[in-house]
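The structure appears right after this line, and notes come after that.
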Amino acid sequence: MIALAVWCGSGLVLLAQLMNLWRLLRGPSLPDRILALDTLFINTIALLILFGIARGTSLYFETALVIALTGFITTVALCKYLLRGDIIE
Amino acid sequence: MIWLHRLFPHPLFSLSLLVVWLALVNSLSPGEIILGALLAVALPRLTSPFWPEHLRMRRAGRLVAYAVVVLWDIILANLAVARLILGPTRNLRPRFVILPLELEQPVAVALLANTISLTPGTVSADLSRDGRLLLLHCLDVDDEQQLIERIKARYERRLLEVFP
Amino acid sequence: MALLLAGVIGIMVACSAYLLLRGESFPVVLGLTLLSYAANLFLFASGGLALGGAPIIGAPGAGEVDPLPQALVLTAIVIGFGMIAFVLALVLRARGDLGSDRISEGQGRE
Amino acid sequence: MEPGHHWLMLLAAAVLPFAAAPLALYLARWRRGLVAWFAGGVGVVVFTALLTLAPAVVGGASVALDWPWMPSLGLEFSLRLNGLSLLFALLVVGIGLLIFVYTHYYLPADKPAARLYALLLLFMGSMLGIVLSGNLLLLLMFWELTSVSSFLLIGFETARPEARQAARTALIITAGGGLALLAGILMLGQMAGGYSVEQVLGAREVIQAHPLYVPALVLTLLGAFTKSGQVPFHFWLPEAMVAPTPVSAYLHSAAMVKAGVYLLALLFPVLSGTAWWFYLVVGTGLTTLLFAAYIALFKHDLKGLLAYSTVSHLGLVTLLLGFGTPLGAVAGIFHVINHAIFKASLFMAAGIIDHEAGTRDMRILNGLWRFMPYTATLAMISAAAMAGVPLFNGFLSKEMFFAETVHQQWLGALNWLLPLAATAAGAFAVAYSVRFIHDVFFNGSGEHLPKRPHEPPLWMKAPVGVLSTLCLVVGIFPEATVAPLLKGAVQAVLQAPPPEYSLRVWHGFTLPMTMSVLAMAGGVLIYAVRHRLFALHDLYLPEYSATGLFRRGTALLLAGAGAFTRTLDNGALHRYVAALLVTALVLGGSPILDGLVLTFPSLEEVGAGAGVTALLVASGALATAAMHRHRLVAVVALSLVGLGVVLAFAGLSAPDLALTQMAVEIVTTVLFLLVLYFLPQRTAVRASLRRRGLDAGLSLGVGAVAAVLAWEMLNQNGGSGLSDYFRAQSLPASGAENVVNAILVDFRGFDTLGEITVLAVAATATYAALYGLRLNLARADERGRSWSADPHPLVLAMTTRPLLPLAMMVAVYLFLRGHHLPGGGFVAGVITSAALILQYLASGVGWTRQRLRLEYFDVIGGGLLLAVLTGVGAMLGGLPFLTSGAAQLQVPGLGSVKLYSAMAFELGVFCVVVGTVVCILSWLGRLSLEQAGAVLPRQEAE
Amino acid sequence: MNDPLVIAPILIPLFAGALLLLAGPGMRRQRAIAGAAVAALLAVVLLLFADAAGGAVASYRLGDWPAPYGIVLVLDRLSALMLLLTAVLAIAALAYACAGGDAQGRHFHALFQFQLVGLNGAFLTGDLFNLFVFFELLLLASYALLLHGGGAARTRGALVYVVLNLAGSSLFLLGVALIYAALGTLNLADLTRVLSGAEAGAHGLVRAGALLLLLVFALKAAVLPLHFWLPRAYGRAAAPVAALFVIMTKVGVYAILRLFGMVLAEPGGAAGPVAGPWLFPAALLTLFAGALGLLASRGLREAVAYLVIVSVGTLLVGVVGFSEAGMAAALYYLVHTTLLTAGLFLLADLIAGQRGGDALQPGPAVRQSRLLGIAYLLGAMAIAGMPPLSGFAAKVLILSAVTAPAVAPWAWGAILLSSLLVIIALSRVGTLLFWHHSAGRRGGRAGALTLIPTLSLLAAGPLLVLFGESVSGYTQTAARQLIAPLDYMQAVLGPARESAP
Amino acid sequence: MIFEAAVALLILIGAVFTFIGSLGILRLPDFFTRLHGPTKATTLGVGSTLLGSMVYFTGATGEFSIHEVLITLFLMMTAPLSAHMLAKAGLHHRLPSIAVPPEKVPSEEQRPVDPGPNE
């Protein structure tokens, strides 16, 4: 049952990734792309967790944790860039 | 008392850090508790210059209730937003709403803004320079005033109790 | 899986080559970054592919994972980061000294 | 003296001039006159040394000295004095001595005498070296030294452009010939099995039968001909007449130009006697003889006339050696002696005339007899020798020459051509000799000269007198004077007893005598009609000049080199990268075409996760390339690639890599944004469609090669025995469950040390590169929108602050976990830095710097030192650098805690990483702060 | 085994570099640390050189891990020679820089030391990936040193240099990956051992990997068509930096020798003559491109930079056959050209300083014209291969070594013709610099701190000939050791493994 | 069985919300509405998945697995920040919006001399 759920869940998240990818490539605006990238990062966390369950290992926890902790820095930096150009001032 | 304060400039935060550490290591062994305690003392001291300078807090315990409310709202929000996304998009009634703030402490304002972003169909989009107005973007607004009042009642009031 | 990885590496290398051929500092640095990603994947692949394991004693499939290329790639990632950081600084230096983004000499025409 | 000490004299003769040359430079600082005495003294000593050796040598003995120098090269310091070398050595030193005397009076006081003497001494030594060398490589060394000293002497008057030009021409021709000679000698040596003269001379049969004989011959002759000014390489010699006259007299008539002839004579036994030798040497010699004799007549410059005459006489000697007969060799060597004597004398006379009359142009000069009868007499004696008048030394060798032309049989039905040509050349020689005398000393009253001439000082005339006297003495009493020398030389050249020959003046009315008479008569006749000939010459051969051709050639070479270099290297990075990629395509692709077995792709199952990951990476890469002109979008796309790679690593059993890649990815993006701020936001110029097409084609090719190689690699992977070892040893030997970490900090900790050193250098380098940089700040974004007025959004600032301690806690966690689980000092460092950078991002440089009082380089240097010292610690225990150690520690309440030396190492890594990342990013960020004063809108900056 | 001295050439500059980062901005302190480090380095290297000259191969097992699992440093004659050259250049360049050039930018001394770490590491390491690490280290340090002193020209030159070399670094990884995948080891001695027994299928991968590495090394060595970066980088770098950089092209040559002369050169070895067929035409073209570039040079330093390219071409002509005689000759040439071109870079700086500019145009007279003129003459003669200086002996050695009928005419023709072109160019340059004057401001006299290193390096011209037999004897044994690496393998792998199939 | 069902349910809920969030990104008409999809849906999506993981590992190993909570915690701290900054950027860029945007962006309305966030 878990295996099936993981299989379905992974499928859904992967589909989600594809949709995000579409938005990232398509735009049309830069914030749209950044939003898509941000979502890609977050969905990756889900993906890693599902992967860990599927393999029965928590070895991917650290990676997921680091994405959660630092992934948004990319988004913030990109937004700051759009707002101010100078991201560290 | 002073030495205690010096040791724990932010006792609440130190405690949270200890919890975080224990969660991280997924263990409650004495070694980890000691190590976590050491870190919980050391890290805030090390990073205290980076802390907000004037943080007035009281009744911190109320934050727990606040968290529960927010979590519940998040679940509801997700359902609501899911319905909106799955439904016909032309029925959406997005709105920009300006929320006047009573909160004064920057930390509290930030906390409120983030809470709003996490909850039903609202994103805090901008904050005025003086920190008194919060611009929200809402996905589907029926009554603007009702929304503002709801936010004030559910979140801002609770935060004001902790961060006067 | 091997075919997929090889194809991806090929695409990355091709794209980085195209960027390197742009002759302007920023795209070129993008190309270098992309190339180093590709090279890291390539080096990683030299140990063969193992799915869902980890080179950690006791982890599932630890016996099939070749840890050495992973260690090498880690080193390569770090070195690559240092290099990209410097080359970006150099791009700025060039911006300041040369005013232009184009990497060519005075008479340089393509 | 003791024969056992002969080698010492020989060594002294060879070395003394070289030792004296730098001393001469030094002495001149002290007193100008001293240097002439000094040089003269050296000349006398060397000459005496040679003379003391002469009796033995003339008696048939040979003095030798052999020191191994570079046996592996075949180079020996080996000196030989035999008849041939003695003759040349005496000429070189004897005439040199006279030149030294002459120079002292010739050189104006404002010219650097020391340099001249030093160079003349250097030259004398080199020339002596050539003739004394018993090893062909050694000979070549001196050979090239004469080229260099000639270059320096011709360019003596550095301020004159024509001197510089002539010096270069001479150097290029003679050194170029030297290179040919080098090749020739190397071939000869390889054929003979060594470079000693004896060895080579003894290998005649082997060499002449060898397939390399002809190339070796041609190359050797090229060397000899260029040095001796044979047509078509003759032009440097007349040009070299810009040198001071003593130099012309010495190098360019008596000594250096004879080096080529010496070489022909030296190698005569090995190389001569074949058809190739005959046609090449005789052809060149004959052409030179005739051509230069003809041209000499038309030179109005005294030195020009003498120069072409020299060329012509060298042609004559070459021609004689070309015959390949013993008598030809005798005549050739005899003429070398005679020519050296009369030509040096004539040059010095020309120098006196120039000195006294202020011009060397024979159209201006006339009637000098009135003013300088002694000089005129001496010049006339030498000129008579040059013309081959009986009773003067030139006559004797010319007679022998005429006789040889009559006797040679190589040309068959055309045998008569040679005597005819010889007579014609003789006639021209007579004509220009007459011109030299008549035009200068008579032919007018000498009223309109630039200067009123006088007889020169005695010591300026004396050398001319000595030589002119020699012309006569040798011409009249050859047997009593040069005969022994000549005999010794001939014996050495032929490597056999000399043939029967007679040095008598009068042989009766023979064919050669008739030719002489004809030449005399013809010469006088030509001189009589010279004005008409001049007109004809000017009309039909106007401005003929090999020099011009050569100059045009050099100019063309330079222009061509410039055009080539700038076409090849057009300065554009595109070209360089394309070259690199094409090379990669060819080198990487060749094994694919060349037998790398392509495994057919089996249609394996590809998981959805892998497919999506691949799609993320591939589309990210493609988007980066496709949208690179909109740079910010490209950065976003590149981040997508990074994310995809993280997923790929995670999926492919590499959690450590996923973790590290993720952490680095974030920092990289921030870096890109920091830099992009100062750059154009879009790539303005778009390459042509054709260019883009070609680029895309090349890129596809390179990508395809990479893909095929990766595919092959994945299919042919046989696994490594190393990984088994690592897995087996990781826990017991290194105490790590995380094998990757064990490799990083232990098995291959040295790589990691190198890696953090790279990071430290990256920080240092970035700092150095950015130091003092001024950049324009953009006041508005690319569309002209002014920036948001909110530099530090409050929500951002407030939220990021608690993240710092949280992130550091995670960092500590990763740091401690690294040995057993994914993590380690590097990742911990990047996370910490990311959190710090976040503070910069959210609250600015000023705010953060106030709170982060960290000297980056102290952190970096300290971390590096810690890592190094951890490694050195093991050495103190007698173990190799970086040997890991562990200590069991009993902590009350905690049980036993195991401490690894790797932890200290990892702490070093951590410090270096934090220091580096924060240093680089904050420095980049600070750039805008430092020049906030100089704000320019971006549009203007474009 | 594990003589700690072997790792000292890496640790000394590494330690000094770290200290220099901590030392702060005071130039006196920096110079003291750097000077002491380089002096210690030279002393250590001399000891090592003496050891290696005896014929022993020393290995050093880092972390006490046996090869091929850990990283091993190996000191044989070849690496000892390279170390010595590096140390000599370093001391000369450092002395020259301490005359004031070091203060014209930031962190000169630290970067200089790190550059030495990279160089010495590259020469000592017996591991392919570790070689990559040290390559990166020396490159990164060189990128920064190249910029030292600032200016648009340097920046432009550096951009090209950095971009090409970074691309090269990625290709290096590809090469390493292919070889590791095929042979399962990275240790050079182990690779040498394994190569004879590798499966046939893997050889294509080995060849592909080896050729990619060849590309990378050729890029470092500035072989046509990968030479473009060099004239700009070297021609514009600060003089002491350029002098030190001369060894960097030699790192590429060293790596080619190590990989193709030793690892892949086993008789009956798997990869066969992999590099030769590609390298030979490239070497000839390099010679010509270098010589023509030299003729076309507009600046003195640029001219010296093109001389480096010419020398690389000549060097590779000797190398490509990978014969003992050829490699021995090439090594002799390497010593000669390294010292001489480094000296010429310093000399060019002195001359340019004294005549107020580097441009090859008539300018004011050089102030110390006699001294510098003689130095130039000797340097130019030596580098052009004119006797009686080292270039001549080197050229003769190379020509004598290349005698195979298929290649000799090309090699001889190319070397001799390029020599002529070099003579033409250098005589032009020399007459222009020292004989052709025009009015203008000129610089001051050079001090001992700049003169002594310059003249000492140029003194290699006569000295290498005077002691030519010792030098060529050494290079010959070094080449022999390289081509028959039994000692090397035994020192690294131990006697048991060396005899394994 | 209940344990497995719980895990499966949590995983599926998470995945569905993750999917819906991204669907919003794909479907919704303007940037500001798209912003709502992921910033909220993903929090619950990932959160629920993490909960599933916690339950799974606690059940599977018998040891209490709680560290996944941290991921949720960090996400809840950082995701709204991303949304806030994105919205600010969108406003600043005056992206097309169905909702009528305010005349002026509040943070740019008054432009006093910037005292910095705390001073």
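Per-chain residue numbering starts at 1, and chain names A, B, C, D, E and F are given in the order in which the chains are listed.
To be clear about the criterion, a residue touches a chain if its C-beta (ideal position, glycine included) is under 8 Å from a C-beta of that chain, and two chains touch if they have at least 3 such contacts.
No experiment lies behind these values; they were computed from the predicted model shown.
Looking at the partners of subunit C and subunit E together, the chains they share are D. Using the mean of the Cα atoms as each chain's centre, the chain most removed from subunit B is D.
Core chain by CA centroid proximity to the global CA centroid: E.
Computed centre separation for the pair subunit D/subunit E is 17 angstrom, with centres defined by C-alpha atoms.
A straight line joining the Cα centres of subunit B and subunit D is 74 Å long.
We define each chain's centre as the mean of its Cα atoms; on that basis subunit E and subunit F are separated by 56 Å. Once the centre of each chain is set as its mean CA position, subunit B and subunit C turn out to be 39 Å apart.
Residue positions of subunit A with contacts to 2 or more other chains are 10-11, 17, 30, 34, 51, 56, 59, 65, 69, 71, 76, 78, 80, 82-83. With touch defined as above, residues shared between interfaces to two or more other chains in subunit C number as follows: 20, 25, 28, 38, 40, 42, 45-48, 52-54, 56, 68, 72, 75, 79, 82-83, 86, 90-91, 93, 103, 105. For subunit B, the set of residues that touch two or more other chains comprises 20, 24-25, 52, 106, 113-114, 124, 127, 129. Of all possible chain pairs, the ones that touch are A-C, A-D, A-F, B-D, B-F, C-D, C-E, D-E, D-F.
Chain contact summary for the complex, subunit A toward subunit C: residues 51, 54-57, 59. Residues of subunit F that touch subunit B in their complex: 17, 20-21, 23-24, 27-30, 32-33, 35-37, 39-41, 43-44, 63-67, 69-70, 73, 76-77, 79-81, 83-84, 87-88, 90-91, 97-102, 105-112, 117-118. Across the interface of their complex, subunit F is touched by residues 785, 788-800, 802-803, 806, 843-844, 846-847 of subunit D. On the side of subunit A, the complex with subunit D involves touching residues 10-11, 14, 17-18, 21, 24-25, 27, 30, 33-34, 37, 40-41, 44, 47-48, 51, 59-60, 62-63, 65-67, 69-71, 73-74, 76-78, 80-89.
The touching residues of subunit F, counted against subunit A in their complex, run 4-5, 7-9, 11-12, 14-16, 18-19, 21-23, 25-26, 31, 34-35, 37-38, 42, 45-46, 49-50, 52-53, 56-57, 60, 65, 67-68, 70-72, 74-75, 78-79, 81-82, 85-86, 88-90, 92-93, 95.
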